[in-house]
Amino acid sequence: MDLIQNIYEMTALGELIDAPGTVLMLAISFGLLYLGIAKQYEPLLLVPIAFGMLLANFPGGNMSVLTEEQIQGLGMLDLAKEHGIMNLLYYALIKTGLLPPLIFMGVGALTDFGPMLRNLRLAFFGAAAQIGIFTVLFGALAVGFDLKEAASLGIIGGADGPTAIYTTIQLAPHLLGPIAIAAYSYMALVPVIIPLIVRFTMTKQELLINMKEQDKLFPNKTPIRNLRVVKILFPIVVGTIVALLVPSSVPLLGMLLFGNLIKEAGSITERLHKAASGSIMNASTIFLGLCVGATMTSVTFLNQQTLLIILGGFLAFAISIAGGIGAVKLYNLLSKKKINPLIGATGLSAVPMASRVANEVALKHDPSNHLLQYAMASNISGVIGSAVAAGVLISFLG
Amino acid sequence: MSDPTSQAFVILLVGMITIFSILALVVISGNVLIRLVNRYFPATPVRTSPVLRKEPTFSPSTLAAIVATVEWVTAGKGHITSIQAVENNK
Amino acid sequence: MDLIQNIYEMTALGELIDAPGTVLMLAISFGLLYLGIAKQYEPLLLVPIAFGMLLANFPGGNMSVLTEEQIQGLGMLDLAKEHGIMNLLYYALIKTGLLPPLIFMGVGALTDFGPMLRNLRLAFFGAAAQIGIFTVLFGALAVGFDLKEAASLGIIGGADGPTAIYTTIQLAPHLLGPIAIAAYSYMALVPVIIPLIVRFTMTKQELLINMKEQDKLFPNKTPIRNLRVVKILFPIVVGTIVALLVPSSVPLLGMLLFGNLIKEAGSITERLHKAASGSIMNASTIFLGLCVGATMTSVTFLNQQTLLIILGGFLAFAISIAGGIGAVKLYNLLSKKKINPLIGATGLSAVPMASRVANEVALKHDPSNHLLQYAMASNISGVIGSAVAAGVLISFLG
Amino acid sequence: MSDPTSQAFVILLVGMITIFSILALVVISGNVLIRLVNRYFPATPVRTSPVLRKEPTFSPSTLAAIVATVEWVTAGKGHITSIQAVENNK
Amino acid sequence: MDLIQNIYEMTALGELIDAPGTVLMLAISFGLLYLGIAKQYEPLLLVPIAFGMLLANFPGGNMSVLTEEQIQGLGMLDLAKEHGIMNLLYYALIKTGLLPPLIFMGVGALTDFGPMLRNLRLAFFGAAAQIGIFTVLFGALAVGFDLKEAASLGIIGGADGPTAIYTTIQLAPHLLGPIAIAAYSYMALVPVIIPLIVRFTMTKQELLINMKEQDKLFPNKTPIRNLRVVKILFPIVVGTIVALLVPSSVPLLGMLLFGNLIKEAGSITERLHKAASGSIMNASTIFLGLCVGATMTSVTFLNQQTLLIILGGFLAFAISIAGGIGAVKLYNLLSKKKINPLIGATGLSAVPMASRVANEVALKHDPSNHLLQYAMASNISGVIGSAVAAGVLISFLG
Amino acid sequence: MSDPTSQAFVILLVGMITIFSILALVVISGNVLIRLVNRYFPATPVRTSPVLRKEPTFSPSTLAAIVATVEWVTAGKGHITSIQAVENNK
């Protein structure tokens, strides 16, 4: 009898029976694994998040992330000893805000600003498509979130994973799990969301606007005679502007532009580029995913807030896309040279998926209307846009 | 609670019982798994890609066109702008 | 005169004369380097361990790991300042229990469960071959180790380096050096130990049992129609079972199965797989090896306990192998379909060396008896077996 | 300072103005940059290496000789002794 | 009005106007980027340093490294929360002295001791060419530096980046920025400095000394019959000697030799070699560069000390080169077999640039005088020489 | 102990003596090492693998058979199950 008691106490069965929510959490993590692996929704993040969630929801495993109140006063060594490696990784790498900037360095090292430089004007629409971030603020306040939580919810509308996570760590770390999942899920759902919003906001005529023909009708772009030099100077110049005007976005944008600089500097910094876009970024992605997943236990996840975040996140996405489309329509009212409003839709970011989807939508209406390279311009600028938005939010509320 | 030797004996029993139970469960659930997969996901004969299923939004030909365009835009740099580039570049 | 005094004080010569044991430690580290490089005994671990030992045994170098009592109360920064980078690495990466799970993630990312899935039944013998872990407990208690130390000694019989190190960190960190060396040395000596035990426990007739012929005689395995899907679901299912029943083994097994999942998920998580099996695992191996080596100074290493650990480790290995063989013999008594007891011998793990050796032994007696793929089944399941054993030990004694 | 809703309103205004300003500056400075580069660093037509300019101390032929010698000395190990090896090994 | 005030407070414009030195710092970082990218002066270090400097000089970005007094008492988590990720990285990786040894491990993993082993005698001149380190001490004391600062300044004459940084971290961390920049800049300027010193110290006749002909005239070298075994044993033997005599140089030289050992051990430790020379080294270089750059704000950098360090660093380089040349001249007085004094000039290290330059200079005077392989011998030994010097300085003053 | 300048003088002396001694020892021990290796491990003429000596337990042909079998079992995935795979996969 004693022996069986011993065995039973060692297992997590007792805890499972006490906390039936855990079973639901397991089901959710299985669902996320299905979405990540079978449906290929942002698998690089959703698979680690889902597995981290799976591991975290067996209490005896010591693999769930505790709140700052629960670990208060512990140094790193004691933290690991008492609460295991997930808390060590979370508090050393995530809570300190380290990994999102490191991942942004990798994103920068993989980003080609070429399409944006070739159609710089379109970058402007990366601003309009951040409107969802701020409008959702009001709704979130109305349903009971406080301002910091509302801002973290709104940033989902920036359609940029590391930015959303970085902002949430600074403003409302207790919501990290649902916000990360909403952000990555909706980014993966961009092939569904953009066509949906487009159907309600764009006319057939607008969908047929052909960017290349407009370029031929109104040729006014400055040709770039030495793209390599421009690409090297661009991150330095942008870095200086951003650092001057929104210093609080520097940890994100500064690292993005540094990553881009060591890419564009070419073979002389190839070693650094390899580390930034390879080992550092990949390891950071693993640890970020596992730790974000490990923050979600039934206590922290199974509540009304999570549902509201899922709903609010969708609204933020939808409003951002509509905002981008609206801005192009406004421009078209004032200009002879027309722009396809799909270029505005891609301004929310979700690079490069949004551009592909916009291109796809355009081709459906006119098989010769390839606007991918134009879409990439506003698409990439949307990354800068939401990082600036994050900087503003953190600067006001952090 | 008790002297070390009898505690060691309890550990021996609990340990071996647990290991046998776990591996028994692994064997059983593995067999169940194989049968379930055999029934519901039988072999997909010709398949070069190790990925389960493609995002259905893009038809292969369109995809090829997109990839080609992207490569042209980026002057053949291969990886384009973000993590997701990996997805369709395989 | 003063100048010479100055020079003399700077060198480690004085300390060498005061502590003649150091010379012996140098000799041991040279010996380990010889085993690692010339004899190729687990060089990936033994070379860093030996070099860490070499560096640690010159006191002025500040490269030896101190005990927790000696560093008590120091934060990471002060620890590095006062006691050097080896203590920083040891207390940040090893003592926190971080590196063994990270290495296990890499092991999982390199493990193919295919052979085990094709002969699932044989996985059962990975349980029997853990018996050495627990039987050595009694002997260790008898010669004066306390229960935690005895458990750390016993886990050597699990024939799995990261598992042994993880358990020892949790239960008896002061024995980390000798236990790690014993574990890796005996794993390297598997080509000697398995034939030795086989000679005393198996008959010629048993050695000739041909698994493939038995398979033809008694065909009853379910064919696997979609190996890829099974391989993806397997780590998830096993992870759930283990987490439910032995949560304390989750840091090890959870990471192993996560590593395996991102391997089997294929190209969509290729970046994560590359990091887990490449940069993270390799860097972890370097730091683990150097730090384990740096724990061994003449004071901590040159004593009777070390000799007893070397001896007890061998016994644990031997009993585990014999246990695996015995379990197969028992099975053969009850079943018409016979299994070659060598399949039991490989259950202790030491993947994939043990399987190769078992195959080699079988081929010596019958050149057509290729049983490698069968041996791999119990061999891989032995990794799970010893990780579960570690979980039980930590749960009872940790 | 004030109630959350009006604070949210300030954030909305400041946020959108800032984003528009920053991206406007990015567009403007990008255009200025392109014009400046077009004027002062016009295209360098034939160029396989992505590096801006070579260290002028070594003539290409001498460099080739050095590299060959180094490879001979190091028995073709490729990377020689330090980070700097990368510079001339491209 | 309030709105504009809000925006203005968020920007760094106010701080810029208050601290006009910041504008100069931006100009300096642009200059360093120009040197690193366009002029290719040690781009792997100068580009991250310059970008780190750029990011650090916008106060609101929280990206500048603070002094130990300013962060006193904060644990890692609070440090990151209050002072951002740069301070976290700096205090966790740089201030603890961790990264320079890790980079040295990578340097070792990329170093081939072959040329040195083939001309071991020439290694001796790697000692003479460290004289600049110590002679500059006196000048530095004379202009007002204290002894620790003077030693950090002097070590620039060792012409080895990680060694200079490691020593400065231990002795005078407040001077880290200018010393790192001076060290890497002068290493990049070796193609200018060596010919300059040679012009003032060597005769035409000396420049024409042909090492290969001397070898034919006085053949006395022991042939190496088994280079592979020698190369494996060499780092072990040298490690033992150094650890015994200058234990304080072990963190640097021990890691260098460990890196070399896992290179020479061949395929059995290939995984470790890959990590040491790849992901670990490259990531360390990025973080070292960014953090060193982030230590330089107008307050810490724009002062007389920086100018004196720039000047003193040049003197240290020049004296080291002259010392190496002088030692060869002295040798030539006593020996029939002559050595080209250029071999002494390369003893300061700056591997392998110095060797290439020396070879270039020799070829200019005699197109058949290829002395690269001879130069590499003293060149590599100069790395050991300056690391030993660092050990002596730290042992006396640390 | 003493004024900085005289302390600097001691450091100069100790430093240069130490560096010379160390490098002298490196030169001497290196030469001894070369002679010892020449005597006890003279050149092994034809050798493509950089590894000193193979684990003697496996004959090369058997090894090839094992490797082939493993590759078959694992459907040519190359790396098999653990770190040790590297050893014989070179």
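Chains here go by letter, A, B, C, D, E and F, matching the order in which they are written, and residues are numbered from 1 within each.
FYI, contacts are C-beta pairs under 8 Å (C-beta built on N, C-alpha and C of every residue); 3 or more make two chains touch, one makes a residue touch a chain.
In this text the structure is predicted, and so the values were computed from the model without any measurement.
Any chain bridging subunit D and subunit F, meaning touching each of them, is among E; the list is complete. The fewest steps needed to get from subunit A to subunit F, moving only between touching chains, is 2.
Listed options A-D, D-E or A-B contain a single repeat of the B-C interface, assigned here to A-D, on the basis that more than half of the contact pairs agree by residue number.
With centres computed as the average of Cα coordinates, no chain lies farther from subunit C than D.
For the pairs B-C and D-E, the larger set of C-beta contacts lies at B-C.
Centre-to-centre separation of subunit C and subunit F, using mean CA positions: 24 Å.
Subunit A and subunit C, compared by their mean Cα positions, are separated by 40 Å.
Each chain gets a centre from the mean of its Cα atoms; for subunit C and subunit D, those two points are 46 Å apart. Looking at subunit C, residues 6, 10, 37, 40, 43-44, 75-76, 232, 245-246, 268, 271, 278-279, 285, 392, 396 sit in touch with two or more other chains.
For subunit F, residues touching at least two other chains, in rising order: 10, 14, 18, 51-52, 83, 86-87. Looking at which chains touch one another, you get A-B, A-C, A-D, A-E, B-C, C-E, C-F, D-E, E-F.
Put simply, subunit F touches subunit C in their complex at residues 10, 13-14, 17-18, 51-55, 57-58, 62, 65-66, 69-70, 73-75, 77, 79-87. The touching residues of subunit C, counted against subunit B in their complex, run 117, 120-121, 123-124, 126-128, 130-131, 133-135, 137-138, 141, 146-147, 150-151, 222-226, 228-230, 232-234, 237-238, 241-242, 245-246, 266-268, 270-271, 381, 384-385, 388-389, 392-393, 396-397. Only residues 4-5, 7-8, 10-12, 14-16, 18-27, 29-31, 33-35, 37-38, 41-44, 49-52, 83, 86-87, 90 of subunit B touch subunit C when the two sit together in their complex. On the subunit C side of its complex with subunit A, the touching residues are 75-76, 91-92, 95-98, 101, 232, 236, 239-240, 243-248, 250-251, 254, 258, 261-262, 265, 268-269, 271-272, 274-276, 278-280, 392, 395-396.
Contact residues on subunit A toward subunit C in their complex (touch as defined above): 6, 10-13, 16, 26, 30, 33, 36-37, 40, 43-44, 47-48, 51, 54-55, 58-63, 75-77, 80-81, 84-85, 88-89, 278-279, 281-283, 285-286, 290.
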